[in-house]
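Listed next: structures, encoded as C-alpha cells.
Shared between the two complexes below is chain A, which has chain B as its partner in the first and chain C in the second.
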Partner chain A sequence: MSVLTAKNISVVFGGLKAVEDFSIEISEGELVGLIGPNGAGKTTVFNLLTGVYQPTTGSITLNGQDVTGKKPEQIVSIGAARTFQNIRLFKQMTVLDNVLVADNGSRTYSVASALLRTTKYWKEEKAAREKAMALLSVFGMESLADATAENLPYGKQRKLEIARALATNPTLLLLDEPAAGMNPTETTELMETIALIREKFKVAVLLIEHDMSLVTGICERVIVLNFGNILAQGTPQEVTSNPEVITAYLGE
Partner chain B sequence: MKFASQIINGLSLGSIYALVALGYNMVYGIVGLINFAHGDIIMVGGYMVYVAMVVAGAPLWVAVLASILVCAFTGIFIQQVAYQRLLNSGAPRISLLITAIGASIFLQNLFQMLFSSSGKSMPSMITGAPLNIGSLQISRVTMVTIAVSVLLMAGLQLVVKKTRIGKAMRATSEDAGAAVLMGINTKRTIVFTFGLGSALAAVGSVLYSSAYPLITPYMGGMLGLKAFVAAVLGGIGSLPGAMLGGYLIAVSESLTKAFGLSKLTDAVVFGILIVILLVRPAGLLGKNTKEKV
Partner chain C sequence: MPKNKKSSYLLTLALVVVLYGVSAFLVASGRINKYVSGILVMVLVNIILTVSLNLASGFLGQLVLGHAGFMSVGAYASALFTLNSGLPISVAFPLSILIAGVVAVIFGILIGIPALRLKGDYLAIITLGFGEIIKVLINFFDFTGGARGLRGIPRVVDKSSGISVEFVKFSYAFFLAVLTIYLITAFIRSRHGRAVIAIREDEIAAEASGINTTYYKLLAFVMAAFFAGVAGALYAHHLGVLNPAKFDFNYSVEILVMVVLGGMGSITGSVVSAIALTILPELLRGFSDYRMLAYSVILILVMLFKPTGLMGGYEFSLSRLVRKLRGKNKEKAEQEKVGAAK
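On to the complex of A and B.
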C-alpha cells in the first residue's frame, strides 16, 4: 500500500510557479531521495506535503486519507512528520521535553487531573516518559535527556530533531537536509541512524539532500527537481548518469 | 516594626502584581503581544465579584468562581475578536499594540456605561482576626493574599513545566511554526494561555479588592501599568521574572512609604524600572537576545 500519493500538485507565489505538477508515490518503508539545485523547490514540496502551504492545484493522499488543504497539525496526526533544514528545536527546553511535546497521542489527562496529581496523570506521564526515553536510547542520547537542547553539539541536535519527529508516530518521515553541515564521519553515522530507524519504526522516508554520497548510499529511488518541475527519477545510478541532471547541476 | 509591617504589605501587594504580571508575560511569550487590555481584566473581575455578592447576594466562593470564569472568557473573547486576525495575518507589532490599547479603552468605557464612573465599594470578603507576632500585626487579608498567590504561582509552574499543555505552551512560544509541525494545536494553546492569564488576573482582582475595597472602571489602569512594569523589570516573557518583578516593585513601593515619602512611590517605581533597563535591557531574568554569529 502506498503511504503517500501526491498527484499533480502545484503552488504559485505571486507569478512564480514554485512547484509545478509534482507527483510522487511512496510505498510503505520506502526510502526516497529528493534532490535538485538550490531553489529548485525541494523544501516547498515538503511544505506542501505537511500543510504549511496549500497547493493551488492537485491532491495529496496520506495513509488512504485525503489531506489536501488540511492543517499541519492534522497532517501530523495522520502520519507525516518532518525535520527542518535549519534546525528548529525548542532550544530552551530539555532534550526529553522536546520529544515529549511531540508525542500528542499518548496522554489524555486534563489540566485539572495534572494539578491534582491523579493516578491517571502519573500513569500516562510515566508511560510517555518511558516511551520518550526508549526513543532517545535508539539515538544513544538517553544520558542527555535533561540537557537543554541548545547546548547539544550540532550533530546531536540534528539527531534530536529526527527523534522528535518520530515521537509523533509517523508512517512517513520527511528529512530536510539531515546531513547539512555534518562532517563525513557524522554523515556516515547519520546514514546508519536512518537505516536503523527505518528498520525499527517501519517508516517510509523522503529525504532532501545535497550530499550525494548519502543519497546514493541509502536511497532506493531518487527524484530530481529543477525549477519546480520533476526533471528525472529513477535509481541513484540512473539519475546521476542522466545527462539532463548533470547539466542542471553543473551547467552546459 | 514599621519596616517589617511595610515589607509584609509589600509582599502582599507584590503577590497581586506578580499574578497580573504573569498574564502579561505568558501572553507576550506565546504571541509576542503586549496585551494592554490585561489590566482591565482585573477591573472586570472586580465588578463580577461586586455583581455576584452585592447585586445577586451570592456567597464568596460563587463570586470568586464567577469572576474567574468571566475573566477567562473575556480574555479569550478579546483574543478571538481583536487579536487573532492580526496575529494570523502577521500584522506589524504596532498595530497589535494599538488594538490592545483600544480593547483596554473599550472595556473601561463599557463598564463606565454599565456601572457609572463613580466607584462601588466592595463588601468585606476576607474577615477574621489578624495574626500578632510580638507587636507586628498581619491582617487576615494579607495572609490570604500571600498564601493564595504563592499557591497559584506554584501551580502555574507545575502546569507549565510538567503537563502536556504546559509543554505545548513553551514549544509554541519558542517556535510556533515548528510546534504546529510537531502536531501541536497552537491555536488552542494560545486560547488556553489567554484564558489562564486572565483567570490569574481574576484572582488578583479578588485579592486586590479585598485589600482596597473600592472598584472603579479605571482601576485596571494603574494596577495594570504597575504589573506591566513588574513584567518588564523581571524580563518580558519570563514567568519567574514576572514574579520577581512583582515583589520587587511592591516592596520598593512600601519601603518608600515607610520612609515617609508616600508621594514619591510611583516616581520610585518607574525610576527603578529606568535604572534596571539601562543596565539590563532584557530585564532581570529576561533572555539575552544577542545572536551567536
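On to the complex of A and C.
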C-alpha cells in the first residue's frame, strides 16, 4: 500500500511557478531521495506535502486520507513528520521536553486532568517519559535528556530533530537536508541512523540531500527536480548517469 | 502519584499553611494595622495579575498590553453582581469572583480569536486597543457609574457577623493567589504547558510537531484573562470603590514590568517582583511622583545587566532546597567521620 500519493501538485507564488505538476508515490518503508540544484523547489515540495503551503492545483493522499488543504498539525496526526533544513528545535527546552512536545498527540488527558493531577495525568506522563527516553536511547542521547537543546553540538541537534519527528508516530518521515553541515564521519553515522530507524519504526523516508554519497548510499529511488519540474527519476545509478541531470547540475 | 512527588507536594502545602497561619494571625489580631494589611492584599492582587500575565507573555511569548483591561472587566462585573444580586455577601462574593473570571474569559475569546490566528505581534496592538476602549466604555455608560466611578461596593463579610473584615479580605486574597500559582504551575508542567512553551520557542516547529497552535495560544491567553478578572473582583471588593481611570495603559505596563523584571517564564520571579514592586512605591510614598521614572530606570538596568529578568527561567522548589541542605549535612557528617578516623 502506498503511504503517500501526490498527484500533479503545483504551487504558484505571484507569477512564479515554484513547483509544477509534481507527482510522487511512496510505498511503505521505502527510502526515496529528492535532489536538485539550488532553488529547484525541493523544500517547497516538503512545505506542500506537510501543509505549510496549500497547493494551487493537485491532490495529496496520505495513508488513504485526502490531506489536500489540511493544516500542518492535522497532517502530522495523519502520519507525516518532518525536520527542517535550518534546524528548528525548541532551544530553551530540555532535550526530553523537545521530544515530549511532539508526543502531545499521543496523549489524551485534558486540561482539567492536568490541573487536578488525576491518576490519568500521572499514568500518561509516565508513559510519555518512558517512550521519549526509549526514543532518545535509539540515538544514544538518553544521558543528555536534561540538557538544554541549544547547548547540544550540531550533530546531536540534527539527531534530536529526527527523534522529535519520530515521537509523533509517523508512517512517513520527511528529512530536509539531514547531512547539511556534517563532516564525512558524521554523514556515515547519519546514514546508519536513517537505515536503523527505517527498520525499527517501519517508516517510509523522503529525504532532500545534496550529499550524493548519502543519496546513492541509502536511497532506493531518486527524484530529480529542476525549476519546479521533475527532470528524472529512477535508481541512484540511473539518475546520476542521466545526461539531463548532469547538465542541470553542471551546465552544458 | 509517585512517592517523591507526593512528599514534595506535602512539603509545599505545609509551607503555604504556615505562611498563611502566621500572616492571618497577625492580621486578625490587629498586630498589623489596616494600612499594612491593605498593602498585603494589593501585593496578592498583583501576584495574581503578574503570574497570569506571565502565562501569556512569558510562557506563550505573546505581548499583552491590556491586562488591566481584563482586570477592569472582571472588577466591574463582580461589583455590579454583588451590588445588585440581593444575595448575602458571603455567598455573593465567591460567586462574583467566578463571574468576573468568566466575563474576562468572554472578552479574551472575542479578542483572542481574530488576533491569535495570525503569526506575529498582532495581539499586542489589539490588547492595547482593548484596554483603552474598555476604559472609554466604562466612562460612557451609566450602569458602570461613569467617570464618577462605582461606589458602595459591599464589604466581603457582613459587619454584623463580628469577623474582622481585614482578616476575611486577606484570607480570600491569599487563597486566590495560592490557587492561581498552583493552577498555572500545574498547567505549565503538563503536555498542554509544554505545547504552550513550544509555541514561544518556535511556532513553525510546534506546528510540525502536531501542536494545534491556534488552540493553545487561545487557551493560554484566555486563562491569563480569567485570572486577571479574578484579580479585578478581589480589587473591587478590597477598595469598595472603582475608578475607571485606574485601569489605564500605565497599569497594564506596570504589570508587564513586574513580569519582565521577575523573568519571563519564571513564576517565582513573578511573585518576587510583584511583592517588591508593590511594596517599593509604598516605601517611597514621598517620591511617588517619580515612581514611573523609577520603573523605567529599573527596567533599563535589568535589561542591560540581566536581560532574562531577575530569576531568568529559574523556579524555586522547596523539596529541592531541603534535598540540598540534607545533602550538605550528610557531606559534613561524612567529612567529620573521615576527620575523626584520621
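Annotations
Keep this in mind: the second predicted complex is superposed on the first by the 252 of 252 C-alpha atoms of A that agree within 3 Å, B and C clash if a C-alpha of one lies under 4 Å from a C-alpha of the other, contacts with A are read in each partner's own complex, and residues count from 1 in each chain.
Rule of thumb we're sticking to: a residue touches a chain if its C-beta (ideal position, glycine included) is under 8 Å from a C-beta of that chain, and two chains touch if they have at least 3 such contacts.
Just so it is clear, the model here is predicted, and its values are computed rather than measured.
In this overlay on chain A, chain B clashes with chain C. Of the two partner chains, chain C is the only one that A:122 touches; chain B does not reach it. Of the two partner chains, neither chain B nor chain C is touched by A:22. Once the two complexes are overlaid on the shared chain, A:81 sits against chain B and chain C alike.
Look at A:114: by the touch rule set out above, it reaches both chain B and chain C.
In the superposition on chain A, contact of A:139 is made with neither chain B nor chain C. By the document's definition of touching, both partners, chain B and chain C, reach A:50. Ranking chain B and chain C by residues of chain A touched puts C first.
Steric collision with chain B, judged by C-alpha atoms after aligning on chain A, is confined to one stretch of chain C among 8-16, 206-214, 314-322 or 332-340, namely 206-214. Once the two complexes are overlaid on chain A, the chain A residues touched by chain B in the first and by chain C in the second are 50, 52, 71-73, 76-77, 81-82, 84, 88-93, 97, 100-102, 104, 107, 109, 111, 114-115, 125, 164-165, 167-168. Residue ranges of chain A in contact with chain C, taken from their complex: 50, 52, 71-73, 76-77, 81-82, 84, 88-93, 97, 100-105, 107, 109, 111, 114-115, 117, 119, 121-122, 124-126, 128, 164-165, 167-168.
Contacts from chain A toward chain B in the complex involve residues 50, 52, 71-73, 76-77, 81-82, 84, 88-93, 97, 100-102, 104, 107, 109, 111, 114-115, 125, 164-165, 167-168. Within the complex formed with chain A, the residues of chain C that make contact are 1-2, 183, 186-187, 190-195, 197-198, 201-202, 204-213, 219, 313. On the side of chain B, the complex with chain A involves touching residues 155, 158-159, 162-165, 167-168, 170-171, 174-175, 177-186, 287.
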